[in-house]
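Chain nomenclature is as follows: A, B, C, D and E, assigned in order of appearance, with residue numbering initiated at 1 for each chain independently.
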Amino acid sequence: MMKKISFQDLPRLFREISETQTLIAPIEKCGQVNFGVWTPDSTLRLDALKTVKSAKGAFFPQVEDIVHFRMKDKTIDIHPAEVLTEDFVIFGVRACDARSFELLDRVFLADPVDPFYAARRKHGTVVTLACNQPEETCFCTNFGIDAADPCGDVTAWMDRDTLYLRANTEKGEALISRLENGEEAPVEDLKKSIGEILKKLPLNDLNLTGFDGDHLMEKFNDPKWEELARGCLGCGTCTFVCPTCQCYDVRDFDAGENGIQRYRCWDSCMFSDFTLMAHGTNRPTQTERFRQRFMHKLVYFPAKNEGLYSCVGCGRCLEKCPQSIHIVNVIKSLGVKEDD
Amino acid sequence: MQKIGVFVCWCGSNIAATVDVKAVAEALKDEAGVVFSTDYQYMCSENGQAMIRQAIKDYGLTGIVVCSCSPRMHEATFRKTAVSAGLNPYMVEIANIREQCSWIHKDMAEGTEKAIVLARAAVAKLHRNAPLTAGTSPVTKRALVIGGGIAGIQTALDVADAGFEVDIVEKSPTIGGRMAQLDKTFPTLDCSACILTPKMVEAAQHEKINIISYAELESLSGFVGNFTATIRKKARYIDEDKCSGCGVCTEKCPSRKGLDDFNMRLNKRGAVYIPFAQAIPNVAVIDADQCIHFRTGKCGLCQKNCSAGAIDFEQKDQLIERQYGAIVVATGFKPIDASQFNEYAYNDSPDVVTSLEFERIMNAAGPTKGQLVRPSDLEHPHEIVFIQCVGSRCSEDAEKGKPYCSKICCMYTAKHAMLVREKYPDVNVHVFYIDARTPGKNFDEFYRRAVEQYGVDYIKGMVGKVSVEGKKLHVQGSDLLNGEQVHINADMVVLATAIEPDPTARSLGTMLTASMDTNDFFTEAHPKLRPVESPTAGVFLSGVAQGPKDIPETVAQAGAAAAKVIGLLAKNELTCNACVAHANEAVCNGCSQCERVCPYGAITYEDREIRTPEFRGVRRIATVNEAVCQGCGACTVTCPSGAMDLKGFTNRQIMSEVDAICR
Amino acid sequence: MSVNKEWTPNIVAFCCNWCSYAGADLAGSGRMNYPANVKIIRIPCSCRLNPMFVLRAFQRGADGVILCGCHPGDCHYSTGNYYARRRMTVLFSLLDFMGIERGRTRVEWVSAAEGAKFAATMNDFVKTVTELGENKKLGDLRCKK
Amino acid sequence: MTDNIIPMLGVVTDIRTDTPDIKTFRVEAVGGGKCFEHKPGQCAMLSIPGVGEAMFSITSSPTVAGYQEFAIKKCGCVTEWLHHMDVGQQITIRGPYGKPFPVDDELRNKDLLFIAGGVGLAPLHSVINYVLDNRSDYGKVDIVYGSRSKEDLLDLPEIQSVWADPKSGMNVHLTIDREQEGWDGHVGFVPNFVKELDFDPSRTVLVCGPPIMIKFVLEALTELGFEKTQIYTTMELRMKCGVGKCGRCNIGDKYVCKDGPVFRFDELDELPAEY
Amino acid sequence: MQEMIVNRLRELLASGDYAGVIGWSKGETPFDRTPGLFTEKDLDRLCYDSFCGSNLSKYLIANAKDKKVIALLKPCDCYSFNQMCTEHRIQRENVYVIGVGCKGKIDGEKIRNGGIKGITGVSEEGDLLKIETLYGEKEISRKDVLLDKCLSCKGKEHKCADEVIGESEDTSVGNKYELVEKLDAMTPEERFEFWRGELSKCIRCNACRNACPACSCIKCVFDNPKSGVENKAAADDFEENLFHIIRAYHVAGRCTDCGECSRACPQGIPLHLLNRKIIKDINELYGDYQAGEEIGQRHPLTDFTFEDDEPSVVERRGGGK
């Protein structure tokens, strides 16, 4: 059942939601839009197509305590961190980010299930938002994602001064049942117009042939990696803005009298210390680390997950890489050429 | 994981009075790595040390923390204790719970709490300590004595007698210093020159002593055992080797405008002069500022008259570079400038003189050939007033003067008063004094003789003002004992001016990196236990450069300094500082920044083969010369990658201390 | 341990071994009082003070950090304190630029003979930091009690 | 449910010094008994809070009651710390992780050949003792073990008294790299020794040791006629989570912590050479 | 100009003395310019135009280690190059520097942030940029979308070029310390809030550090477990501050103000302000100094004078309240 709410009334809805649960939405702070906890005085930016960081942080935060220790003499006290027990809503997730949750599920909900992630997924309601104005860096279409009709517990469309919402799940139903009913027609029109733009996107027909488990060694041994990686600074920008990157590190912080906190935090396979051990590393050069990231997204992950790529075409890496090196370069460079 | 023993000292009641030592020992038992913790009355005593040794053995300790007095006091002691029990000396940390805790706090709870924190910090640091081994460096067996007064001469003689070479650098044309200017010495009243000149001659003739007069230290590098000094020998325009000291030139010189420094500028001398008859070297010197030849290019009378052909107008300053193992500072003193005390009319009347000027007036070789006359009119004075403590014992915030007691003034004034009264019984002598300080052998007897036997009029009180009234000097003072104002119409006033370090001391201190106090006296390494050593290794102190003292004290200290120098030079090699910088080759960038801040030039770079988990190949790496590095740590902070670290004070050690203190 | 007491600042004093540490000892020998919340860390020279140590102290809960070294010109290593002077000036200015209260950091030159100055400096610094209150801007919440 | 990420407590109840840089640690649950049950070849994550966490193979056989053992070589922060601690120290432990050697499947009733170098004996130790305890389930068993020197041979007393005991029905072949006083056994590198011993290529092989040794052992075995499908090894890589999520030990489409550490060589051939 | 450069490079590479050229190539979007090493055969991929804003000097550390290469450096890049030569990170003799003319580089991010979406093409016509988008054609003035670093241009001179191709222009506008001064004039509370807001965006991707030519350490203290300050993510506000304070301090006196940190930051944090504050302090307190002006300079924090101000000068100076 389609529901609707006028933009004018949106703050009221947000206030209502935030009274009972945490509401996360795209918020502008110091000139950048990122997902953050909505409060009545935040600057909501539902119009912003891409937040700098993806929405994955709502389920897989950049830093998360997992266990706390206290040591005395030879004894240790262990206090596991508590998993989330309260409901929250993440509002305004775009189609690409919504797909990324499915990809993250494949990792964190695979046996053995990650309790922290699972709790967040259980308690989180995802409200997605169709992309009225996709950009030149968008290439989600290549991965079968429909930016005109994203998935999620609730799907929303912005049409002039009205937000149309459709519940896809019981959780979604529970969230928007309070709203008045809306018409289907404007949404259908919007979907159509979005579809038109999507067709015109410059990167919407990438050739992904050959990126699969069968060509694993061929892709791995491709000589082009070195040149592709030459300009890579080895920073983690692409990884940290990526909705599907989920590598993490586990670290201890000794807070003195307050014991030792063990937390996990995002990590990047592009970092030189990612696989470093006391006696060496199995990926000593940036080329190897660079290759790992893209091989994982385009070959290893699909090989393990029925051909599902670990890329959702959000295009954040295209916009944010300081040296303009990104997955599209890799796909085009290593992929099958049209004229081959 | 270290096994640490904690030893809490009571220091009698010094610590135990404000710190609950038992509680400290108990609290430390809970610290990670602490396997033994105890307290004892005097840890530094033989019993205390035995207790430490026993614990090291019983508990297999890998390091110890001693909570006691300042490490400046007993760190060395406990390091030796550790060594004797088989531990590395650098596995000892001291928690200073006396000077920095019990002595400054009154509250027991507060003191105890702080002591625990300090001890924890020491434990935390110790966890990151590593055994260190000191390297060695050779010793250059030659000493440099800066200053050729009695202090310098005595030190040089003693060192030379022990068989080591000594160079004396003296900034004036002759050695002898202030003592050479004195007439008689207290309390024996023997002739100063008579006892000094034989020493000067002995120094000059000693085969191990090399006197470099009219010279100053230009620069210094290196470190204990290995100093390199550059000495500027000023041009005296006389060839020292040729000059026989006959004095003909000094007589022929037509310039008579120069003031005679030796006689406290009370008379004039020629532009070419020999400072005094017994000068050593007995060689003339040309004062280029006064010399007609230098000013006009003419004259040259001296040159024409010198049968030895020693006059050399072309002579230039000469730089001498030499290596030394030890340096002795014997720069002595000068009287404080009396012109700033115009309440005593020093600027208004030539008959107001300083004690040292008076000394020259009384001296047979002085400007008046020993006749006591007023400088203004050369008339015999009848009333002389001595004023004590001129510039000494001033309050800290006074605009002029020194806060300290100059120590020698009471006695030399008594000497002057006595000599005047003995030679000229017709002269009335009054002495205004604050206290008469006479704590030396035969000093008080001497002072009492002046008062009782020679009838010197001692007036306890200050002089408020001296004003010139015609030919007389009106002295207005107070007599505290009688509670009245005193007015004396004097013919002469003698000011017992304070003494202060020679003005060259400050720059010398900087050059030697030897610390000085606020009055520019050199600081001793320990005020009680190491009074003749500077905190800078290899630099020793002799005479008034360290603080006011009289001649016997100076000579005693000069001997002591010599003994220390001999002790140093007798060694073939020295153990270096173990706490030196070290560059971790795995992360050194070879960027050369550390080299730029190293004050000792201890850092060089080399291309080195590196094998780390992340890198194999040749890289430019910093290397530290451990014999040269003194362990300041300037390089460590300049190093952005943290490759350069200081052993004994590593980044991790200090951060651990910080963590422990802040937690 | 300090539960029932009024809040007092935690002060870390880095003292160079040759002058200021000795000055602190002298203050002790002279029984000159200064607050117990000043804790001294001995470093060989003021130039050994890495800005990292200053930040570390603040992270771990210090409310003020003071560096004491030999007077300029008196450095045991001749030039160490000149470097320290520039380094700390730049660091303090940067911290100030980031909005950290100026009074929380200080450099004082204290000679081995200035026990009284050491005590007075500490008293004054503790007073300044007490007035500023707890260090909230540059601390690590995980280390807060 | 959180057991896979949240560690449990263990107590070190015994520490043995095996070689100058290897010690064996016995770990029990705080109340006594094993922390968990495991299979031969599996690993566990040991950690000292504040120092770090690291993955180690379990050296003791699952048939041992009451405890697990770990032979650990000193090489990084965690191992350094472990080497310095005393008996009675608590540590944290989680596991078991990874795929074990197929002792109850492919290996059953086979003639076995164990080849190990240095600390590489540690993961095989568990299998060997498991085989010994279920001797009748397996055919012929030979163990080739080599190290740099006599002192570097792990578990020498046990090898000599138990494994080499004729009653065990196993043959032990020891070798050291260089001649040494007091050593009258074989001298030479493991790969050559394997060739010299000329094993029948019908055996199933379990090999573990330094990469360079494995490389040449593989060549030697191929020369003797072995197929890659007969040879198992176990890998060591940087691991963090132990549950195939953190991404660190990812090689190709495998996660060593989950899909390994035991691999058959033909499986490894399908993976990029990044190990 | 691109043609002139390519022709000259062809000549130079033909000599066989050089392993390649460090330059830029075009990428997917109209703004993508990717650094790379180009040999004779792939010179046709080399591109030099108004979007080549990145500073290539740092690539010479890795690429000119054991071979000779040619580098294309803009006037501002030369300072970084000289500074790295001073620090022995680059061997001067291994690099043939072609100074390429620069009239200011364009910031794609600024065009996007200006509300122009779906950009599919950009062409330059004098001072005007014609932008094709999915949603129609737009125009924007070139000078409005120059990189921030171009607004504080250090001048058109190449300080290290072996030869120069093309004309340069000084694109500096106004007082480069304007923002620093604005912050200085705020109350400490306001400044604190400003930085807290900005730095809270930091995701610790290390792009600022990895792009920074002064951050050329073989192993950064933040990556080195032995340093005691290693951290990978800001688990606390303090760690956000710590990373940027230490980074600014470590490059103090060595930072040439090239602006790569701010350009690289995906969250648009004005990190260069920290460095610029230090540069301003150094200039005011210790005399004018430009890092990378020439090879072999001694930077102000490895130097001193007897008369330097005491650190308490911080409490007295500046317009701060």
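Heads up, the rule we're going with is that a residue touches a chain if its C-beta (ideal position, glycine included) is under 8 Å from a C-beta of that chain, and two chains touch if they have at least 3 such contacts.
Keep in mind that what you see is a predicted model, and the values were worked out from it rather than measured.
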Chains shared as neighbours by subunit A and subunit E?
B, C
Out of A-B and B-D, which chain pair has the most contact pairs?
A-B
Chain closest to the assembly centre - both centres taken as Cα means:
C
Centre distance in Å when subunit B and subunit E are each reduced to the mean of their C-alpha atoms
53
Round to the nearest whole Å and give the separation of the Cα centres of subunit A and subunit C.
46
How big is the gap, in whole Å, between where the Cα atoms of subunit C centre and where those of subunit E centre?
36
Residues of subunit C that contact two or more other chains, please.
51-52, 56, 59-60, 73, 79, 83, 87, 140, 142-143
Give me the residues of subunit B that touch two or more other chains.
597, 614, 638, 651, 655, 659, 662-663
When you check subunit A against every other chain, which residues touch at least two of them?
71, 249, 253-254, 256-257, 261, 267, 272, 276-279, 281
Touching chain combinations (by label order)
A-B, A-C, A-D, A-E, B-C, B-D, B-E, C-E
Of all residues in subunit A, those that touch subunit D in their complex:
66-67, 69, 71, 74-76, 78, 80, 83, 107-108, 110, 112-116, 213, 216-217, 220, 246-250, 252, 254, 259-260, 262, 264, 267, 269, 274-279, 281-283, 288, 292, 295-296, 299-301, 303-304
Seen from subunit E, its contact residues with subunit A in the complex are 27-29, 31-37, 54, 59, 109, 112, 117-120, 133-135, 197-198, 200-201, 203-207, 209-211, 223, 231-235, 260, 263-264, 266-269
Subunit E residues within the subunit C interface of the complex
180, 183-184, 188-196, 221, 228-229, 235-239, 241-242, 245-246, 248-249, 252, 274, 277-278, 281-282, 285-286, 300-306, 308-315, 318, 320
Looking at the complex, which residues from subunit B come into contact with subunit A?
30, 32, 613-614, 659-660, 662-663
Could you list, by residue number, the parts of subunit B that touch subunit E in their complex?
584, 586-593, 596-597, 605, 614-615, 619-620, 638, 640-642, 651-652, 655
